[in-house]
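Heads up, the next two complexes both have chain A, just with different partners, chain B and then chain C.
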Partner chain A sequence: MKSNSAGERAYQIVIHLIVLLVAASAVFPLLYVIGMSLTTKSEMIARDYFVIVPHAPTLEAYKRIMSSSVIWHSFVVSVLRSTVGPLLTLTLTAIGAYVLAQRTLPGRGIFLFFILATILFNGGLIPTYLVVEQTGLIDSFWSMILPIMVDSFGLLVIKIFIENLPDGLTESARIDGAGDWSMLWRIVLPLAAPALAAIGLFNLVAHWNSWFDALLYLNDKSLYPLQMVLKNMLTIDSVSGDSMNAMLKTSQSISTETLKMAAVVVGIIPVLCVYPFLQKHFAKGMYMGSVKGLRHLLLLSKGGIPVKKENVTPPWPRPSPLVPCLAPAPATETATRPSKHRRPAARPPPPAQPGKRASSRPGAMRERRSRS
Partner chain B sequence: MPKAVDSASYAYDDLGKKYDLDIMVAGAFNQPVPEDKIKTYLEQQFNVSLTFSSMNGEDLKNAVTVRYASGDEPDLVMFPFKDVALSLYNSGQLLDAREMLPYMPQTMQYVTKDYANWATVDGNMIGIPRYPVFPDNWSYFIRQDWLQKLGMSAPTNEDELYAYAKAVVGKDPDGDGKADTWLMATAGGGNSWSMMDSLKTMYGHPSWNVADGKINHPMLDGTTKRFLQFAKKLYDEKLLAPDWYTIGWEPFKAYSLNDQIGMVWYPGWNIVDEQYNAKKKDPEAVKLWEPLQPLKSSDGKGGMYGPGGNPGGLFIVSKKVANDPGKLKRIAHLIDTLIYPNVNYWAASQGGGPEIFPGESRVQMNEDGTNVFFIKDTHIQKAKPEYQSLADWQFLGYTLIWQVYDDEPVGVAGSKFNQQIVAMPRYKNYDMYLTLDGPTVTKLNDFQNKNEISFVLGKKSFDDWDKYVEDWKKAGGQKLIDSAAEQLKVEKQ
Partner chain C sequence: MAQPVPAAPSVSAPEAPAAEVTLWRRIVRHRMLYLMFLPVAVYYIVFRYWPIGLAWIVAFKDLKLGMGVFDSAWVGLDNFRVMFEDPEIVNVLRNTVEISLLRIVVGFFPPIILAIMFHDLSSGKLKKWLQSAVYIPHFFSWVIIFGIVFAFFSTGTGFVNNVLEAMGLPRVEFFLSEGWFRPILIGSALWKEIGWSTIIYLAALSTIDAQLYEAARIDGAGPIRRIFAVTLPGILPVVTFVLCLSLGNILFAGGEQILLFYNKAVLDTADVIETWVYREGLSRLQFSVGTAVGLFQSLIGMVVILAGNTLAKRYTGRGIW
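Up next is the complex of A and B:
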């Protein structure tokens, strides 16, 4: 219902102003960084080191950064690790989650306990270094990939997600002759795509931003990722190198602040490019993963209460009356029906998927079975 | 003045066997280099395979700590500070440096009794002390053109400094008709007194010292209190820049190099060079600042800058190296040749000297033992950004103590100022004889940083000073007083 009352209008104005302020506070640092990265040293001094729109913009800092083959080389390393890392993580996480979601798996509780333990109790810096060192990964590209190849939290979230799939869905696929691999790749993963996308994006951003592992595990600087190179550009040693650095750099026409800001821009551009394409999955996956994942982690921590069939929620999100703006748009007509028309929660119908065979619907399967 | 030792001093090492050496330093650039010719040169000269890592000081602390804790320690680390070395020594991981030092005749020339004391703990030398990169060339600089306009001479004491500050703020020395000139600021980013810290020396010794046979500290004899009272006076009368406490070092240049500040704390060459470049290479800019002799208090105390002569760090060596005497000797041999003015000093400095890049630099030894080491703009380290990190090798042996500049106008003026500052009187350095508990020192620094600004801003009254000193003692000050008195073998206050 549309309300045109003065109160409603005032409310909308206040809400818009608040949102505008929040958006401005997010955009302002970005504009500041970009503005400063385009400013000459003399203008920066003249304008008290606060420039949003430079009077005489210069690309000198970017030229200096881009002219360095070191930057390009480290960029390639970063792209590689941010591609290979998330791919491996998603593959292993999905496989692990699928296996652990099988309630008939022997020793399932023990496996889950050990996985949960890695979330609660991190191995620590030195034990991790020892493992990396003793597995011969020092000075290897894989030292940045293998230690974080499985995302335990993501694994549990996906596992719970798979457990919550309607039994009928998997049963009908089994009857149609699907094995575990087919089940995983053709049934489970497509349905878990939003959660996987969210975990993948988290992982990608973590790989892209990571530099501490390179600091510890890499003596060979040719393997440095971009963030390590940029970080070293930004930090000047206050003890041994500060004055030395200043001495070597003061004759430049651009200030070290300009170089730093340009380095920051270079570092965030790739993630800025990727983010808009994954954002819809990211938001949806975050919501689904957080609600289901946290609830079930809580249950696990309280003694590993098994998921009851009566509690099983459908694999697609239902609109929540409490947080309507967070709930994704209903995927099916069924999901939008008033609750009194819904089927029992234990056997909810899946979303209608154009192009899917009717036999993949559990309801249709039951009809066929009863006919036979 | 130091001279290079004879190569026969290294007869102990025939260079026959090849060794893998793992060396870490606190560098400035710390970037990959497409081709490291300094490394290749040293590997050929010393029949070694080198793993060379450079990183900034904080990263070095982390990396070295993890590697030592994991049993994968590097052979040698050049640390610019002592605290981590002390921890490693306490955990029994370091070689007693006296086992290596006899093989380093060039280095031994600089390991004075004071240096040796500084590096010695419980009778063992935890590392080999190194001379600093920079000489004691920091001092206050004052605007000469402003003094002239204001009809004043350089201040010599706190009263004259106060009068100068009043004139700088009230008489518009830059002549732009705006009230936009101030005496100074901390430029410490809200974390310390930074530029203003040395004003403390007007009132007494700014660090641990001995007075009348008893241990003393600026917190105990009123030095800190008088400094804070003077700072409060400047603050109350708005003689400091508006963001005087929170502004950082780099942004402060918007004031200091832009005709808005009357006094700064800087190294000699750097203030000349930075002002010259900020004024678009105007030769007159090199005349704007001149160093100020140490100031005295109104009752005649002070007249000296803070203690100088601190070491520039120390080489620490893993205990495991002692298992292979040949390797120990090779490390000693290699490092010693990088020390001024030994045979490889130039090769590893400033991105590679004439031995590695012929014709790209100029080395000139003067009769008085000083040197000119001029790197041309075509030198690969300067010309190509990806080779910038070649300069990190210089943190093993490079120093500016004996280096002078002969380029006009910046180098000549900068060198002159450096020499003037080095010759200025300084308080005796007692810190060289002390090894105080690192965490307590850090805790007390935080305590002081947090509280002292409150006195200046008027949030705390100087009537409560004695209580504040008692709180300082409880926060760890008494522990350090006891420890310092014991180490210096003097009475407690």
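Up next is the complex of A and C:
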């Protein structure tokens, strides 16, 4: 027993060290970039560009960047697309998910199949470009919004979420004569708000980080989002270092590297601002939701479309401990109003996987024996 | 919304035979839902299925600039023949497979190991902080990642080259070296995603019954033994699932990243399907061959995922799910 606990301690020390190292390697580059962005040109040259903590930090690079109309303009474009995009996405996702969550809807399985199939198969770069061209979106702000307006995974996550809302709520609203719109607005949306917020935040970051669509669909540089301008500033084969040169021309006190790093920091800051909010949603099963989505899709593609069967049992086990936000409320609570007769202790124990429970039992028994 | 028709099933349709009417009546009863769904349906038709339809047409045609999709001539499988005969495209296909296999080989296990370590970490508060730290790079765009990589590996001023010089070693032109391009590409992708990729495993790990660990401990299993006896079997389905998905991306080598990282000097080792389709297909107007390559890419991906699922089901008995 002694040697065992020594082994445990050694193991803990080793994994602590490794994990600390990984975390440090995730953060150090950021600190280095920030340090670089604050260094003066003379210090750079004096220290041979080997600066981690600048001795005489300067905000000159940020002043240069802030004074650039190109950067400001692209910043505004990025902010616009990162607000308009997620708002549209959320609207369509909520409506689509609500409709697809209605188990009695004829054709629901077909809709689902066609939506989920797009996860596995897409037209590719050139056909998508042709469609954007044919819809007249080339050189339009909307080319960065409309083609990625609905994310099938997100739609699916919200749909599962709505399906797992306690039936009692929606039923009583129906009895009160609520139509679909008021049902969606007054009952489903408030309840699904956390899940929608998660989708919206991830979507926001995706929009903020996106540059490839701008490269594809925009010739008009005045519509470039920030990441696209940063790309032009940073890449080696830079076609248009013009904004960069313009920024440097007026200043001799900072080097190109400093300016580049300041640009990187400007691109990062908004993400870091959203990050704490994003973090709340990590564990809430965004990811497992997508796993379920694919599982669902493969089930659909294999055994035809189980429209009717679905009404009885969804294709995945319903009480899912993996996904707290997607797990349905316990049926015992939703079926009846919480009354005083029903004490928490009277609730039946949660059903566990029989296999795991059985295999763990001998150990538990041995524990009891060893104690006595 | 427009006409305030009573939403409840009206009792006014006894004319037709019941069995036939029910579906139609169900559709009519749900008309508001269909109306609500219309924008979503339009989106999927225009921006998802129209491209798919176009892909199947353009890949078998010779689409030229200024000529509509429907005016251009059918050429059968010519575009696909070009794809497998043109040495440049063959090289691109080889690069794609090599790079994405490298990505899988290098990038698959570290997140699993890291997730297990996080799972076993005894200190809860510290664990949370460390997790927050390793997730961060996932949320940076590839442009930002390129900027950071540039700060570390650029020849003149990069951190790594500075360290090399301080150690008395010569500076290395990382970005212009064919040998260094892939390590840098894959290393930076690993740096970006290693933390985030642990999430799916951590979710699976959290479902493992704590009693199993207790039992293993009482049976005298040390920490390493527990990993092999309890942890790994517990997350095996998720591991298979992730492997299957990454194999499905075998022809997607991360074009967005490569487009930023590559340059003419490393084109031979760096050019992959996505970059080729962008550069030659779109910018140099080889629409049809580019579409054929893209179609091939998408089809292979789908086939691999479906086949992976079937195989996993056959050999592990439970499929990847």
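Keep this in mind: the second predicted complex is superposed on the first by the 228 of 372 C-alpha atoms of A that agree within 3 Å, B and C clash if a C-alpha of one lies under 4 Å from a C-alpha of the other, contacts with A are read in each partner's own complex, and residues count from 1 in each chain.
Throughout what follows, contacts are C-beta pairs under 8 Å (C-beta built on N, C-alpha and C of every residue); 3 or more make two chains touch, one makes a residue touch a chain.
Keep in mind it's a predicted model, so treat the numbers as computed, not measured.
By the touch criterion stated above, A:Lys221 is placed in contact with chain B alone, chain C being left untouched.
Once the two complexes are overlaid on the shared chain, A:Ala262 sits clear of chain B and of chain C alike. Contacts of A:Ser68 after superposition: chain B is touched, whereas chain C is not reached. In the superposed model, A:Ile126 makes contact with both chain B and chain C.
Looking at the superposed arrangement, the partner reaching more residues of chain A, out of chain B and chain C, is C.
By the document's definition of touching, of the two partners only chain C reaches A:Thr135; chain B does not. When the shared chain is aligned, chain B comes close enough to touch A:Ser42, but chain C does not. In the superposition on chain A, the residues of chain A contacted by chain B and by chain C overlap at 44, 48-49, 125-126, 129-130, 216, 235-237, 257.
The touching residues of chain B, counted against chain A in their complex, run 22, 26-34, 51, 53, 55-59, 62-63, 66-67, 69-72, 80-81, 133-134, 250-251, 253-254, 257-258, 267, 269-270, 273-274, 277-278, 280, 312-313, 384-386, 389, 391, 395. The touching residues of chain A, when paired with chain C in their complex, are 4, 7-8, 11-12, 15-16, 18-20, 22-27, 29-30, 32-33, 36, 44, 48-50, 92, 95-96, 98-100, 102, 104-107, 111, 114-115, 118, 120-131, 135, 146-147, 149-150, 155, 177, 179-181, 184, 205, 208-212, 216, 227-228, 230-231, 234-237, 257, 260-261, 263-264, 267-268, 271-272, 274-275, 278-279, 282-283, 285, 287-288, 291, 294-295, 298, 301, 321-323, 352-353, 356-357, 359-360, 362-364, 366-367, 370.
Across the complex, chain C meets chain A through its residues 1, 7, 23, 26-27, 30, 32-34, 36-37, 39-41, 43-44, 46-55, 58, 69, 114, 117-118, 120-123, 126, 129-130, 132-137, 139-144, 146-148, 150-152, 154, 156-157, 159, 162, 166, 175, 191, 194-195, 199-200, 203-204, 206-207, 209, 211-212, 214-216, 218-220, 222-224, 238, 241, 245, 256, 259-260, 263-264, 274, 277-278, 281-282, 287, 290-291, 294-295, 297-299, 301-302, 305-306, 309, 321.
Residues of chain A that touch chain B in their complex: 41-42, 44-49, 64, 67-70, 73-74, 125-126, 129-130, 133, 138, 215-216, 219, 221-222, 224, 229, 232-233, 235-248, 250-251, 255-257.
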